[in-house]
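The chains carry the letters A, B, C and D, assigned in the order they are written, with residues numbered from 1 in each.
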Amino acid sequence: MNISPVHYIAFPLLAAFLIPLLAKLHKELVRIVPGIVLGYFLIISATLMMRVHETGTISQVIAGWSAPWGINLVFSAFSGFLASLMSLIGFLAWLYSYRFKKVDDEPSQKYFILMMMLVTGSIGIVLTGDIFNLFVFMEIVAISSYALTAFYTGRDSAEAAFKYLLIGSFASALILLAILLLYTQTGTLNMADLASKMHLVSTPIKASVLVLFLVGFGIESEMFPLNGWAPDAYSQAPAPIGAIFAGVVVKAGVYALIRVIFTIFGFSGAFEPLIILGLITMVVAEVSALRQDNLKRMLAFSSIGQMGVVLIAFGIGTSNAVFAALFLMFNHAIIKSLLFFSGSYLLYNSKTKSINDLKGMAKKNAFTALFFALGAFAIVGLPPFSGFWSKLYLLMSAADSHMFLLIAVILIMAVVEIVYYFRVVGKLYYSKETTDIEVTKPSINGMLVIAFLGLLILAVGFYPDLITGYLHQAADSLMDKTAYIQDVLTANI
Amino acid sequence: MQMIQQIISVSVYGSAIALLLIGLYAVLTKKHLIKIVIGLSIVDAGLHLLFVAVGYINNGTAPIFSPGNENRVLQMVDPVPQALVLTAIVIGFATTAVALSLIIRLYKHHKTARIDEIKTLKW
Amino acid sequence: MMIYIYTGAIVVLAFLLVFSALYAIKQKDLLYAVIATGVISLILSVVFLMLQAPDVALTEAAIGIALTTIAFVITIRNTSRYENDNTGINQTK
Amino acid sequence: MKKIFVILLLAVIGYYVTSAFQLIPFGENRIGDPTEENNVAAYYMNNTKEKSQVANVVTAIVVNYRGFDTLGEVTVLFLATTGLGSILYRRKEEEEERLNKPSSSLLQTGSKLLFPLVVLLGIYVFIHGHLTPGGGFQGGAIIATGFLLMLIAYQKYHVGHSMLNWVESLAGITFVTIGLWGLLTGGTFLENSFLPMGTLNSLISGGAIPIIYIAVGFKVAAELTGVLDILLNTKEK
């Protein structure tokens, strides 16, 4: 059996259905099996990325019906890049939470199933070539994230989950309506086929479909003004899930939005609504982040702000800007995960999760504090770290398109970012008084994950060429709509 | 004939869109969590009706080749929206069940299921 | 003749749909509201049958009428029955 | 004030949705001539009979053409059960008996009589999913209704979690394994090729479609029963 994109979906499902039975054999299997699956994701990613590099887009049909008739999975340079990124973050989150909770507790069994399906669903969104199948995967992601947000019984997590559920169901209703409208006009659900039949759709319907998709997927990608769920969900969910939300789930939402705009609607060049929405999202989120006292909420707002920047970059729409957007997504995924992982150890015993509880933590917990600081420096875009390059490329591409006002706003927001991240780092290192909160030393797997992410940030910071070549290829593959249609519709079984 | 078509069209589309709007109204204005979830399921119902309505063809038959009329392909209604609705109904039930379980937990915690009495639910 | 009965039935069912939806969101007693939502599903499944979608009608009947309604009823039994119930806050516990 | 704003918003949304649907005439044939295969619906109608030997086109779409969706959908239900279990989780010592006054003997005897009939009906519906309306979801939901009846009528009635787990897992594994079988034999995931197609409108027809639908039926029944069981067993203190 050759490795193929469908393994991303088939094996985790097999594992998820098996785990309740395996739990009767040995409790430990419940934690190990998801890890094996997520580790296998890395192997699939590596193999397929290599194959894509050599032979181009892989389009795999399912159930033996070729593209417009059946459902297919598309592993292009672009979707493959996102799937690999998600696999990486998913595996690291699993490793980090391996000693997460006592395994005799029944919920820990459910935790690992839900976490694995959260990653699988996101990868499914990215890989699928069918718009309704995308909706189904979105629901898989949605249901597991509601349950995971409400995972801790002690906190206000049920409230956060309920908010998330309300907004999420609203989004899925809108997306269903949009899919229905598209289906009536084109008679197909395959995205490549839709893209080639878009000329059949009359303008008013096109406009309403675009608005519906923009709002629906905008909710998933934390776009203003429908991102009220995000800070609550991030701060109430377990820390590794926060990292998955920032590194995986949001990316899937952005992917869906971008796929619809670039491929189905075939916009090329600057797409102003996206720039404007991204700008508002960024400004509102960064300013709100300034006022947060809860560290996780601050990280959540910062995450929303970063997604705003990504949307701006996609909105500019030149090949270089898309490249910058992908670079930003990559950086955001690894750096935000690092911040969530290390931040959660720093505040492990703090009840309020307040930033003030971080005072002088660097002395007690030097290792974690160091990597937290590294992450903070990287995300605001200081030079030797990877965050610097993505911001630089973004500004360069904006300058190419003569959007100087945009550059000014992004720079001002970068200053805001610096202020609130440095406030935290300052509390860590330069606070005279120290809190009397007990420190928890990270477990060995937690340290491994944190160190790996830190080193990855440094490596990409010093040698951005490690990934820029691949990112350029990914950006080109996203921009080339005709090649996508070609690859999907002519793929042989 | 034209008239009758018009009446059917207006009543089916009209009631579906009315369900959508009524449900949305409940979601946006109601204060009780169960009422909000009822609103969500009304929105879902409206959507499902829209799906089936769009697939309907005048004088069509159900998309099943029953013995005896195995060649009536030309008169069949569109089967695709029906297949999609099957999926959507089941997913809708799953979402409703999760929402209800969250309400039960909220009630245990706060002894109330009204938004205006749970501070952390306001936004 | 059939077509008139059919049309009349559709119109009546459409009105009933909207009426039960309005009733469901206006009714303060949640148990009645939930039953009204069940009635919406019931009418919907009849409409689905009339629109030549027997598969969907069967699903809506089994899931919409029976299971969703029961799930709501169980929740109401575990929480409060009336929309304006403030008893929780005034209770001493 | 808020209500006025909401009503205005709804009026705008309603206007746009209505005007969009005015462009989609009700009852119009958008499929065209099925033999030209201009769109997916036409292709399905034209090919289901010959290529899949399945009488119910909706079943062919749900299980075969868009079987991947169905797999995802079953997973959504599975996740809902799992999620419910974690949301309403209580430690062992917190568990308590459902305290209710016993139901009337009429309900009890009625349920006892009805239960096997309801389960039988459910099984009939999903075994004939490829021939008549109905199938895995419908049959599964009907069976869950039967269990629900028993749960309501008898306070002591308890669906074994272990049994639910077994049924759910085995059905799910069957579904995925049928999918992987296609890959192993050099075809595609979920390919319906390893069983003879049979003839249209007979019970054994459609290759693996009935088998998948039966697995879906069992899985959906177990999942829905699980959801209701979890909800029923969380009694407020």
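Everything that follows uses one rule, which is that contacts are C-beta pairs under 8 Å (C-beta built on N, C-alpha and C of every residue); 3 or more make two chains touch, one makes a residue touch a chain.
Keep in mind that this is a model prediction, so the values were computed, not measured.
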Subject >> Higher-contact pair (C-beta pairs counted), B-D versus C-D >> reply: B-D
Subject >> Centre-of-Cα separation between chain D and chain B, whole angstrom >> reply: 16
Subject >> chain C-chain D separation of Cα centroids, rounded to whole Å >> reply: 20
Subject >> Computed distance of Cα centres, chain B from chain A, in Å >> reply: 30
Subject >> Distance between the centres, which are taken as Cα means, of chain C and chain A, whole angstrom >> reply: 38
Subject >> Shared-contact residues (touching 2 or more other chains) in chain B >> reply: 8, 12, 25, 50, 53-54, 56, 62-64, 80, 82, 86-87, 89-91, 93-95, 97-98, 100, 102-105, 107
Original post:
Can you list the residues of chain C that touch 2 or more other chains?
Top reply: 54-55, 59, 63, 67, 71, 74-75, 78-79
Subject >> Residues of chain A engaged with two or more neighbouring chains >> reply: 132, 136, 139, 143, 146-147, 150, 153, 158, 161, 177, 184, 189
Original post:
What chain pairs are in touch here?
Top reply: A-B, A-D, B-C, B-D, C-D
Subject >> Residue ranges of chain C touching chain D (in the complex, touch as defined) >> reply: 54-55, 57-59, 62-63, 66-67, 70-71, 74-75, 78-79
**OP:** Could you pull out which chain B residues touch chain C in their complex?
**Re:** 4, 7-8, 11-12, 14-15, 18-19, 22-23, 25-26, 30-32, 34-35, 37-39, 41-42, 45, 48-49, 52-53, 55-56, 60-64, 77, 82, 85-86, 89-90, 93, 96-97, 100, 103-104, 107, 110-114, 117
Subject >> Complex interface listing, chain C residues touching chain B >> reply: 3-4, 7, 10-11, 13-15, 17-18, 21-22, 24-25, 30, 33-34, 37, 40-41, 44, 47-48, 51-56, 59-60, 63-64, 67-68, 71-72, 74-76, 78-80, 83, 85-86, 88-89, 91, 93
Subject >> Sites on chain D touched by chain A in the complex >> reply: 16-17, 19-20, 23-24, 30-31, 38-44, 64-69, 71-73, 75-76, 78-80, 82-87, 89, 162, 165-166, 168-169, 172-173, 176-177, 179-180, 182-184, 187-193
Original post:
chain D touches which residues of chain B in the complex?
Top reply: 5, 8-9, 12-13, 17, 20-21, 24-25, 28-29, 50, 53-54, 56-58, 62-67, 70, 73-74, 76, 78-80, 82-83, 86-87, 89-91, 93-95, 97-98, 100-102, 104-105, 107-108
